[in-house]
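Look for chain A in each of the two complexes below; its partner is chain B in the first and chain C in the second.
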Partner chain A sequence: MTLIVRSESPIPARTTVWLEGRLDAETFGDLDAALRDITPLVDNGGTLVMDLSGLEYISSAGLRSLAQLRKQMHDRDGRTLLLNPQPQVKKVFDIVKAVPIAEVFASVAELDQYLDHMQRQITG
Partner chain B sequence: MVLRSVASRLALAVLLGSAIVLIVTGGLLLTHTREQTLRQTEREASAIASSAANRIQARVDGVAKVDQVLASLLSSRRDEAPAIIHDILVANPEIGDISAAFVPRDRSSLREDDAPVARRKPDGGIVMGSRLSDPEPYWSSPWFIRGLNCDRGCWQPPFRSEERNETLVGFSMAIPGKNVPVIGVADATISLDWLQKLLGGLTKPDHASAFVLDTNGEFLAHDWVSYIGTRGSRPLLSAVAENRNPVRITPEEGGRVSEPVWVYFVPINGTRWTFGLSMPERQVLADLRHTYMVDIMLGVLALAGVSLITLVVTRRLMAPLGVLAERAENVSRGDLDFALPVVRRDDEVGRLTRAFDQMRHQLAGHIDTAKRTAREQERMASELEIARQIQLALIPEAHWLAEDGRLELHAALRPASAVGGDLYTYFALGARHVCVMVGDVSDKGIPAALFMARTITLARTIATHARSPSDILGALNRELCKGNDTCMFVTLLCGVVETETGLLALASAGHEQPVLHAGGSTILIDVETGPALGLDREARYPVRVLTLLGGDTVLMYTDGVSEAHAGNQKLYGAHALLESVSRVEEGATPEAFVDRVLDDVDAYVEGAAAYDDIALLALTWHDTGAEGARLDAAVHS
Partner chain C sequence: MRLCIPNRLEDVFLALDRAELTLDRAAVDNACRADVRLVLEELLVNTVRHGYPDGREGKIDIHLEIRADIVRLELRDDAEAFDPLLHDPPDLPGDIADREIGGLGLHLARSIASDFEYARDAHGNRVVIRFDPSLSDEPSS
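This part shows the complex of A and B:
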């Protein structure tokens, strides 16, 4: 089983990446390679949304890849938010906590609410 | 074998191909030339025949004219008949005899004058006579009857005169009368010897024979004297009757010839005779045959020359190919060190030679690389084996029994490849505590193994003075976060057992929940997890405390167990694990738990290679004498 990575950058401040398939020791290299091209498009301080609705399985190698991505974005004052993981993937996030649970959202609305909140904190 | 060489085969193919072309075009040429030759011969023969026919016609026309004049004279001057025919015979030396035969006025008293005849003697003198002396009455003879009916004259059939020893033919014409239409017949006879002489004197090709046919199909004259007076063959006569000119006559279809002949004929005007020229086909085509044979010989010579040239040229062009073929055989034997001929040409052979040379060098390069890679891999394999030994040396013995016999441990570590990222360890913390750990480093292979080594080494160092798993994990986490740009992490379950009381404090850094087998039931111990170690410096790890009773066993494991699967199989899962553990008999040793779980997992994947590393640790509390309720509390650090 392979991993499919798609991305969309309507605005420089926010890019959405869709993952489909399995993210494990065999495929995390593909994700790293794809993100090497995608992350430079995100502004410093921007948001990278990883839509995981199509992700069926994540292994510890995949988690490491996501954690590393989060760290790189964080170093540029950016955020990496995870959206809509399937239950079995969500469970892995809950247990391993390789990324903060607060940055995992069940829906776009929830994510937007979070971003609005963050925005208000900064501007307010 | 000669034909093994491309050059020989090419030369042979050229020879065969050209031979086929030569035969086909030669055949067409022969047919065409044959027709041409036949047409040419026909033209020549027609010219000869026409000229001969004209000459014959002129001669017979002369006789006919004389007879016509005679008939008109006799019409009014019957009484002068003997004198007239005598004078006319004198004036026309080609005529043999002349008769003036009248219908008798009275058959009872016939007169000599009724049928006077003037005859030329062999010595040239003229003698007068009468047709009355003919063996049979002239007035009832066929020639007379026929003559009476020839108003404008006609040729009688030829006849043989024994007395003069020659063939004669007469021209007869009816003598018109004043009161009656016909009173007699004027007849002039000529010898056919002149016709035979004329045929003999014709300028005609060698082997050609001329003949003249009369109305009845009999030969009046023929170059073959024995044919004179005989009848022409059926195919000849039917061709003349149908005017098929020229006609090919063969012995097979009834011709009176010994070989196929071509016959060209023309009718002779003024008579109903036909002049013909017969030529043997063999002779007609003799020249053609000769020419054709010469052409064929030349063609064969040319073919042999072309083949020879092809052979030589191809040999020259192909010579480097032969060398290349030998060299390719060298390559197939693994010998790459040889000299190639220097080819400066830019054609296919030149390109092939250069490409072959390049290929040979590249192949040598690839073989070198492959050998180097193989050596490299060998070295890597042996290094990995050493690394594996070192890694295994980092973990303690699989089995441990406390000195007082209360606590017993059994563990197993099975890396999926030579080295892995799973770990277990246990060590004493002071006199009254024992620390146990089971962990799983993210990813697999060498990076994971190194991170595992770092973790296990740090853990022993850091834990020396700590007594709470929360403190141990917190300190370990802070150490592992240092310089961890690649975000490697380890999930770790840490337990600290108080050896006097059986109190077990558990803390989890993102690890799988342990299994508790106690009092006949098997459950997952719900330990709230903190973040995996190495990612978040600020992480906190809540502690769950429980008291073990005699015979209780805690099983700690990594996801190599809970997520075991083969191919697209479903993951093994926590439920299957609980099921497996629950089937272990009460009071069994920790070794029995470990073995049972490993056996069940192996059975589940049906012998497939492990997908992930496996670490498994079972801890059994043997304090059978202890009493009291299970103490169960969570302490947040």
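This part shows the complex of A and C:
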């Protein structure tokens, strides 16, 4: 099993990337390559949602790719939000305290609620 | 399962798939299977990348033993001496993007294994790792 990366940008301010399979020392290069095409499509200050529902496994090599992505988005005033990590991925995040808990969401509903709230803060 | 692989990344991943198949056939649960795969990946990738700085060919022996109450993994290699237990865990709090992330793999491996031993003898490095399948649902640190 390898890694499958899909993405969708309904609006320039928000792009969703779906990961399926394993993100490890064998496949992280595929993600890095895909993200090189995807991240320029996100507006400065935009949001990149990584949907991890289909990601079964991550190792330190995968964490490194996600960390670089976060940093890249952060440098452009954007943010990276992680959606629905599965048990192995969640366990690895917990051990290395890889991401602030505030940026991990268990469901699309929870994520939408957060983004609505952020939007209201900007426009309100 | 006993395997002897050359020190190449592509062989590491073939070995990981073999190990996972072996665990699957023995009906080891998903969480423990993923734990073994992760520890194997982190240690083998580390050995292949850093254990042979002169570029010579090497070999790594992998022995995976599955019993009802314990999964035991033994790795032997002819790489440079390297004790994974001697390295300090990385400084973890804070944002992963803002800090050095070397050492993360070893930290993960040590956190997940129930028990971790290292020895060096005339043949090279030897690591023995034990996993308790009943503990796999919770991180050990």
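The rule we apply is simple: the second predicted complex is superposed on the first by the 122 of 124 C-alpha atoms of A that agree within 3 Å, B and C clash if a C-alpha of one lies under 4 Å from a C-alpha of the other, contacts with A are read in each partner's own complex, and residues count from 1 in each chain.
Assume a contact is a pair of C-beta atoms (placed from the backbone, for glycine too) under 8 Å apart; a residue touches a chain by one contact, two chains touch by 3 or more.
The model shown is predicted, which means the values in this text are computed figures rather than measured ones.
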{"item": "Room on chain A for both chain B and chain C (clash or fit)", "value": "clash"}
{"item": "Touched partner set for A:Ile95, first chain B, second chain C, both or neither", "value": "both"}
{"item": "First, second, both or neither for A:Ala34, with chain B first and chain C second", "value": "neither"}
{"item": "Which superposed partner A:His74 touches (first chain B, second chain C, both, neither)", "value": "second"}
{"item": "Touched partner set for A:Ala25, first chain B, second chain C, both or neither", "value": "both"}
{"item": "Greater chain A contact set [chain C / chain B]", "value": "C"}
{"item": "Contacts of A:Leu115 with chain B and chain C, given as first, second, both or neither", "value": "neither"}
{"item": "Touching partner for A:Arg64 - first (chain B), second (chain C), both, neither", "value": "both"}
{"item": "Clash-bearing segment of chain B, relative to chain C, as chosen among 207-215, 495-503 or 603-611", "value": "603-611"}
{"item": "Shared chain A surface residues [contacts with chain B and with chain C]", "value": "25, 59-61, 63-64, 67-68, 70-71, 94-98, 100"}
{"item": "Of chain A, residues touching chain B in the complex", "value": "1, 25, 28, 59-61, 63-64, 67-68, 70-71, 94-98, 100"}
{"item": "Residues of chain A defined as touching chain C within the complex", "value": "24-26, 56-57, 59-61, 63-64, 66-68, 70-71, 74, 87-88, 91-92, 94-100"}
{"item": "Chain A-facing residues of chain B, complex", "value": "440-444, 485-489, 491, 510-512, 529-532, 535-536, 539, 559, 568, 612"}
{"item": "List of chain C residues in touch with chain A within their complex", "value": "9, 12-13, 30-31, 34, 37-38, 41-42, 45, 92-98, 101, 104-105, 107-108, 111-112, 137, 139, 141"}
